[in-house]
């Protein structure tokens, strides 16, 4: 179980959300409160959009976030109007940079918290959903990256919500067929640089925590609130998604996982 | 192109071959002589058999070998009668520990220098040769690891030379079908803890360098000689393998890559 | 506050104490019980004596111990009759290998848990206790390494207990003069490869925890017990030291910190 | 011997100078041309000024620059009108982030290429030049950082050129007294965020290479030219400094190292 934060709003230094708050992501790397494991020390990452570039910048590192001096410098100096930050608690895959979040493809950026059934059992089937032209982008070994590439293969660029629903439906079916009782827990953030999408879904009633705060100027979506003042933090209901668009609109919508529609490549 | 050394003989400290010689593997990490690139700074690894354990010990690290203090300590303190050491020059895959050599599975240990056609194009086909029960052992993303797991799937444990030949034949065929003109270059070491096998093969006439020195007491197989006294270093001919057995016998044999016999899983 | 373990006894694989027990050092890296901070994720180290070498082998790494695959391999394959293992929770200095424990000098090995007053204030004075010929061995920036080199300068090789007492007395005096109210807490292990010394000292009544278990065949000294069966684990009293000698004798003795006797170099 | 680049001019993405040119700093990390060692693989660093912050951002890493994916992302996304980049070839100190360049203190930033006599012999004397209030900023162990802190102690903030001259004079005298024949070679860049200073000095006639290119819009100072078109790259003469000011003026001036004036602290 990992922890993450996604921001969309006026341009700001990342530190305002990532390193400065009382219960900042850095604090959560040592003392997460709403997670099975309190320690998220298996690497971390930043992803941010700049005015001058279409594709997001990505910084990923295998050290724990709490002791990375570079992270503090970058969070102070990098300003963005849409960024992600993620601290990782591995569910089994190796602690390598290529297994750290966020992941990116072209202008799309993605990060995830959760677990995909018994990954070693269904991994092959999920990887088979990745189209050939995207397969060279499979540079790590996590479930998260494989699902992201499968979502891209399912038409993410044209229809982000539909592609996510179709991919998850397929994956949930794989898990069911595999005979495991481990659920699919999927709490992810996704963006094309303009719109921020965040999903909270589980195939049973154990969706991992997700909150948001909408001030009109900024939307922040987080695994757990950044301060103890819970007045402003609203939970995203299970099996819902939140969309924060360019026009500062924020909407929370039901997220239904459709019957499987994807087929393996080849 | 990487550099490596494999040893079989009386028990000795690893340093005698890895760090001490004039043109030691550490020296080669900065100044390789018979390689396209002189620098082998994309990680390294040690693998060794101990008297008390069936499975080899593995130490892999992403730093360059030349600045790793741990490596010097380990090479001074670890003694073995059969060990591998490898310095890596990536041909494209990420610099992660899981992409460093040697690889191991049970009592088998393997390391590789070379390239497998245009890897991004044939990767999927090679990965499809890995049986389901071995697929969880695919923890990195290199061609080398995938070929090793395919070799295991092809019966390596019962017939190491035959399984290697069958796998290579299949892989060479994949490369041919893929339309690339890049050859398969395969210079690997393999062991079950008793016998040392080393192969020098290329699908064209560009096999990467391989030498051996047999003193009766020890056999050392290397990508390039460890000293300038070339009297004792004999080249392994292209498309040959060398087998150094428990009884101190050393034989150099032709290595014929058979027509493809393997089929993808599922 | 760090956690450590020191072993003296029949030759054994390190894993038996470092990675295998219920509350092994690896477990303590995530969930220490008798420490101010539960997480010890700022690097770790192993140090061990081999039959064939006078000087100990040292393996130090900045990753958390819980995710280091190399550590598991090394603990399974390295056997020793006298070894140290240490997991680090930094009290302010950087997470670098050179700041990880154990430290060694010639045949001597040392590791520490505690804190030396307000280190930035008295650092210079402690460093001034290091003789010129030892100063090139100051390759990190921790209080622990500086105190070790000062102990060597105070005659550690001829009189380990006396040199430790004299150095601590001097350091305690520096702290007192500095006006801080932070105590000196010093819980260290020390060895020349034959005898194991472990000290538990504080300048006030807040000595950090230290336990030992003596089975006749092995002595294990630990920051906190390796299992929940507390019958066999005895606390080392504050301001005492334990000496485990070559003849399997184990003695617990009062440790009095003498009036300061050391002078700065130059 | 390290390699570095310093830039002052219109705001630009770092990649334009650090990663993109034919003979970029990344290329130089594998194949430096005007250096004793061709490989600069012992870590690297970036330092840059942002519009919104007084103090520079610093990113330092122990991996070789050529394989660091983060570096490419940062160089594409970070834009600055004054930045430094440095690749390190250690002259003996450990490969840790705290030993990588650039170093910063408040708004000042500094990086160095060269060597300071026989460092282990004169280290203590140079460290004694660092005032007490700056000593907590001594977080690494390099000669470069020690000299920078000594320069700050010598009045760098009020008189950068004078403080550098006084410090070097003192250090050259230490080296002379130490009896070594190794020279002081000092090729450094320094900035307060407005003005860029670069010094080329040696106590004998072996000053390390330094070039600059002044287009009117930008000044770039480099250890070796970034492309083969040497028309525009002018050498900075030995024992000279270059000052690139806020008003786009660029002047090359003689740099005389004055008789020693500094005294050790305490």
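Some notes on this structure:
Going by the order they are written in, the chains are A, B, C and D; count residues from 1 in each one.
One rule holds in what follows: a residue touches a chain if its C-beta (ideal position, glycine included) is under 8 Å from a C-beta of that chain, and two chains touch if they have at least 3 such contacts.
Predicted model only: the values in this text are computed from it and were never measured.
Where touching is counted per the definition, the chains common to subunit C and subunit D are A, B.
Between A-D and A-C, more C-beta contact pairs join the chains of A-D. Residues touching across the subunit A-subunit B interface largely coincide between the two copies, over half of the numbers being common to both. Chain centres here are Cα means. That of subunit A falls 41 Å from that of subunit C.
Chain centres here are Cα averages; for subunit A and subunit B they lie 38 Å apart.
Residue positions of subunit B with contacts to 2 or more other chains are 69, 94, 97.
Taken in their complex, subunit D has these residues touching subunit B: 30, 37-39, 41-42, 62-64, 66-67, 69, 90, 94-95.
Residues 13, 48, 50, 52-53, 57-61, 69-70, 73-74, 76-79, 97 of subunit C are the ones touching subunit B in the complex.
Interface residues of subunit A, counted against subunit B in their complex, comprise 93-94, 96-98, 120, 123-124, 132, 135-136, 138-141, 266.
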